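Step one of this worksheet: look at the structure below.
In order of appearance the chains are A, B, C and D, and numbering begins at 1 in each one.
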Amino acid sequence: MPPPPEDRRYVITLSCPDRTGIVARISGFLADLGAWITEAGYHADVDAKVFCTRQVVDAASVPFGVDELRARFDAVATELGGTYRISDTGERKRVVLLATRDEHCLHDLLGRAWTGELPAQITRVIGNHESLEPLVTAHGVPFHHVPFPRPGDPHREAGKVTAFEKIREMVAADDPDAVVMARFMQILPAHLCEEWAGRAINIHHSFLPSFAGARPYHQAHTRGVKLIGATCHYATADLDAGPIIEQDVIRVDHGDTAADMVRRGRDIERLVLARGLRWHLEDRILVQGNRTIVFR
Amino acid sequence: MPPPPEDRRYVITLSCPDRTGIVARISGFLADLGAWITEAGYHADVDAKVFCTRQVVDAASVPFGVDELRARFDAVATELGGTYRISDTGERKRVVLLATRDEHCLHDLLGRAWTGELPAQITRVIGNHESLEPLVTAHGVPFHHVPFPRPGDPHREAGKVTAFEKIREMVAADDPDAVVMARFMQILPAHLCEEWAGRAINIHHSFLPSFAGARPYHQAHTRGVKLIGATCHYATADLDAGPIIEQDVIRVDHGDTAADMVRRGRDIERLVLARGLRWHLEDRILVQGNRTIVFR
Amino acid sequence: MPPPPEDRRYVITLSCPDRTGIVARISGFLADLGAWITEAGYHADVDAKVFCTRQVVDAASVPFGVDELRARFDAVATELGGTYRISDTGERKRVVLLATRDEHCLHDLLGRAWTGELPAQITRVIGNHESLEPLVTAHGVPFHHVPFPRPGDPHREAGKVTAFEKIREMVAADDPDAVVMARFMQILPAHLCEEWAGRAINIHHSFLPSFAGARPYHQAHTRGVKLIGATCHYATADLDAGPIIEQDVIRVDHGDTAADMVRRGRDIERLVLARGLRWHLEDRILVQGNRTIVFR
Amino acid sequence: MPPPPEDRRYVITLSCPDRTGIVARISGFLADLGAWITEAGYHADVDAKVFCTRQVVDAASVPFGVDELRARFDAVATELGGTYRISDTGERKRVVLLATRDEHCLHDLLGRAWTGELPAQITRVIGNHESLEPLVTAHGVPFHHVPFPRPGDPHREAGKVTAFEKIREMVAADDPDAVVMARFMQILPAHLCEEWAGRAINIHHSFLPSFAGARPYHQAHTRGVKLIGATCHYATADLDAGPIIEQDVIRVDHGDTAADMVRRGRDIERLVLARGLRWHLEDRILVQGNRTIVFR
C-alpha cells in the first residue's frame, strides 16, 4: 500500500566534499521551490573531509514530480561535486530474502511485511530448504527452492556456482532495493557482493569484530563473555567485515550454555536485522569508507 | 515434540515459612533418591518470612515416575508447611492465545511455536476479528472468532458477557497452563481473573506503573519521557496492577511521534511477552504477595 | 581552561513558528559570513507548529566576535519571529551545586570538573550538612554551609525561608548557567523555580512519572518492578513534573531489597545527572511546552 | 567500619567434582549447626563436570567463630574432593589501587570508599604520576609515587623492572584481597600476574575480545562499530585474555569521534570496574578454566 498523499515524501541523500555554504545551497534550492522540509540530517566527516546530508520533503509541497525534482537537483549536486539519490516514498520498495532452516529472521520479516510495518514488499523468498515453503506462501509471498550441494558432494563447488547463478537471475528479475541474507549461512561469491553492492544486507550472529566466521555463539561461550550480540552489515567480498549498519547485545551469564546463547541470541538477531533493514529502506544510511552514517 | 529422554526434567517449586534446615531437608530427600539436580534457585523474602525454591532434577536419575515423586515429596512439603508443584517437562504444556487486530505479539508467538522455540503447544487462538484467521490457520493452529459488540451498541454489556462466556468455555475445554492476552485490548471480567488466577498473562504497552490504562504511548509522548517500555504481568481484577513478570524499555527521543512510539514499542512488547511467557511455562515464577520471584 | 582557539565554537539555538525557508534563511546568513558549520540539528514540532534548530559554527571562520554575531543574527531571528540564544564556548560556563548527605552525585560532578570532563566551572557548593566541607574543598571548590531546620523544629517553615533566601543570594552573586540539585532533598520554593527557570536541574531517583515524591526505591520495591531508574529534569513549581532531560534504567530482580535498590540506583543517578547537565551546558536542550528537544 | 553484628556473614565458596548429594551434604552440615542461610547459589559446569556453590550464612546463627567453621567445613570439602574458601564480612577487605593519569576510575573508587559504598578499605594508591597525590590524600588514602621510565629512555627495561619490584614489595606489605589496575596502562610482568593470581583485576577499555591491545577506542572508531564497551577481567600473563568478570556497552553513532568515544567510554569503564570489584570483594566469583561464575 502506498502512503496516503499527505504522507508522501521525497528523500534526498547527498555526499560531497566539505566546504562552507553547502547547507545554504541545498536549503536555498528547496526554499525556492516552496518545498516543506520534514526531516533533515547533516554529518561532516572531519578526517575524510566529506559532507553528508539527508533531507526529506513533503511531496505535496513540491510543484512537480520526482523526475523533475531529480533533474533540477542534478545541477545543485554537480555544482557541489557530490553524488546523490532521490527516492519517492510513493514508489514501493522491493526486497528479496535469502533464507535457510534457521528461520526466525525470515519469520519475523514476513510478519512485519504482513502487518504493513516493513516499508517494502517482499517480492520473493529464495531458500535452500523446501521445508520453508508452506510458511512463506501462507504469508502470500512466492517461494523458490534453490538447493545447494551438501558437504562431501564431489561436485560441490560447481553446484554452488550453479545455485548462485540461479539466485542471481531471480534477483536481477526483481531488481530489488535490498537483498537480505536472513541467516542464509552461505558465503556470497565476490561477484555477487559487487553486483549487489550497497544492497546486500547480512545479519551476523555476533557482536563484530568479535567472533567473525563460524559458530560465533560457541566461540562466545568458550571465551566467557558476559554479553552476546548481533551485527547487521552490508555484505562485501571481505567476509563479515563490511560496513556495520546496526548492532545490539543482550546479557548472558555463566548459566547459559552455548545452546542457550543460540536460542537467546535469536531475539537480538531478529531486532537488529529488522532495524537495519528499515533504515536502509528509508534511505537513512550513507556509506563512507567502511563506516556507515545512519540518519535517524 | 517432547524432549529426548536425556533432557527430560522434573521441576519442583515450593514456598514455605522460612526457617533453618529447609535446603537440607529438600536436598537430603533428593540425594536419598539419587536424583541429579541440574538447576537450583533459592530466595528468602525477609519481610514476609517466606522461603521459595525451584529445583530441577534429571528425570532419568529418579527411580520412578512423576506421580510417585509427587506422592513422596508431599510428605516433605507438609513437614515444611509449604505449597508446592512438580511438573514434568515430558508433558507438553498448553497455551491459549487471546488476540485482536494488533497482531504483532500473536505473530511472534505463532513463529516461536512453529520453530519449536516456545516450550508449549498453542491449542487455539481466540480472536475478536475474523481477519486473523488465515495467518493463524497457516501456522496449523485452530482459530475461533468471538465477536465483541462495538462501542455504541445498545446491548454492549450483555454482548460482552456472552462473548466472555464463550471464551471461558473454550479455555475450560483446553485447560491450558497459560491464557495469554497477546494485546487483547478487552478488560478481563473479575470472575475470569479469578478462574484463571496465576495463568492469565497480559502484556501492557507501557513501563508500569507509568501510563496504566488506555493509549499509553500517547500518554508517554505527552509527558516527554526518554524511554518507553512494556510490562508482562499476571492479570488480576485490579486493572494493570497484577504481579509484574518482566519489563523492558527502549530509548526514544524528541523526534519520535506518538505513532513512532506505537510502532517502535511493538518490538519491546513482543520480546517482553515472549520472555515472560517462557519463564511461566518453565515454572520459573513464584508469586509472593503482589511481587514475582523469577528463578532464571 | 578555555578550549584552544581552533576548538572555539559559537552555538546558536533558535525556536520559531514553522514555515518553509527557515533553514535556507539561517544557512544563507551563515554562508554569507563564510561561517563553517560543524554541527547542525533540526526539529519541527508538528503539533505545536514550532521549528527548533541548533547550529554550531567554528569561531575562527566568523570574521568578527560573538557580540557582533548576536547583533547581526538578531535581525534574522526577528524576521523569523523566533527566540534565540548564541553562546561562545570560549566563555567558561558556571555551575552552582546544592547538595546534602547523599553525596554520590556531588562526588561524581566534582571528579568530572577536576579532570576537565565537565564543560564548566563549579563556582561553589552549597550544602545543608557541614560534613561535606572537607571533600568539596579538597577539590578546590568553595563550600557554604546553609543549615535547614530539622523536622519538629517549631520555627521550621521560617527557618526554611531564611535558608532559601541565603541560597538565593549566593546563586544570584554567581549568576550561574546551571543550579544543580545533586540529590538536594529539599523542595525548591516556587519563587526560586521561577527565578532559576530553565537553569534549575534536578535528579529524581525514579523513572518518572513512576514513583514521584518520597522514597521512590521503596515504592519501586513494593510494586515489584523489574527495572529501576533515574530522571534528570528541569525543576518547576510542579514537583517532579518538570520537562524531562534524560532518563535511564538498570535491571533489578527479586533478590534486591529496597536497600540494594538505593545502592545500585546511585550508579544510574550519577550517570543520568552528568549526561543531562552536560547537554544543558552545551546548549543542546530546547524546552517546548513540557517536553525537551535534545540535539545530540 | 565493620557491619553491625546482625549483618555479619560467613561466605562459603566451593568447587568440586560434580555428583549427586553435594547440596545435601553441605546444607546438612549447615543445618546441623543451626546456621541460617541468607543467600545460596549453585552452578554445575556440564562440560568440565565441576560443581560450584556460594553459601552465605548469618554469623550470629553459627555457635562459634569463623576459624572453627573453617576447621569443621574442611572435612566436608575433603570428602567432596573440593577446594573452598570461607570469608568473614566482619574482617574488612583490603584493596591496593594502581593508577595513572587517566584518573576517572581512581576518582570513582575513592568516592565509593569515602561514602562506604565499597565493601573494602583502600590501603594505598600507587601511581606513576605525582599529580595524583593531592586528590588521593584528600580522600585520606596514602599515595606512593613510583615513576616509570619514559619511552626512549635507554634504561627503560631495567627501570620498569625496578619500578615493578617496588610495587611488588608495597603490595606484599599490605597483602590485599585485590590489586586493581584502575587504568594503569602498564603491562603487568608475568611473575606479578602469577604472584597476584586471582587478585589482580584490570579494566580494559573495549568490549573484549574486540580491540585488545592499544588504543581500543581508535580501533573501534575505525571499524565503525555502533556500541563501545569496557571489560573487567582478572589479569593473566596472556594480555587482555584473562577470565572476564563483567562487561557492558553504550551506544555510539557516526557523530562520535574517537575523542568522543574516549570521553563517553569513561562512564562505562567506571561502572564495569566498580561492579566487578564489588563482586570480587563479596566473594561472588569463582574461576573455572578461563571463565568466571558470578553468583549474583
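We adopt the following convention: a contact is a pair of C-beta atoms (placed from the backbone, for glycine too) under 8 Å apart; a residue touches a chain by one contact, two chains touch by 3 or more.
Chains and their UniProt names: A, B, C, D = Formyltetrahydrofolate deformylase.
Quantities reported herein were computed from a predicted structural model and do not represent experimental measurements.
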- Note on the structure: Every chain in contact with both chain A and chain D is listed here as B, C
- Report back the single chain whose CA centre is most distant from the CA centre of chain A. D
- Item | Pair with more cross-chain C-beta pairs in contact, given B-C and A-C | B-C
- Task: Measure off the straight-line distance from the CA centroid of chain A to the CA centroid of chain B, and report it in whole Å.
- Result: 35
- At what distance in angstrom does the C-alpha mean of chain C lie from that of chain A? 38
- Shared-contact residues (touching 2 or more other chains) in chain B: 39, 255, 296
- The chain C residues in contact with chain B across the complex are 43, 46, 207-211, 223-227, 229, 243-249, 253-255, 257, 290-294, 296
- Query: Can you list the residues on chain B that touch chain D in the complex?
  - Reply: 20-21, 23-25, 27-28, 30-32, 34-40, 42, 44, 61
- Item | Parts of chain A lying in touch with chain B, wherever the complex brings them together | 39, 103-104, 107-108, 111, 114-115, 117, 134-135, 138-139, 255, 263, 266-267, 271, 274, 296
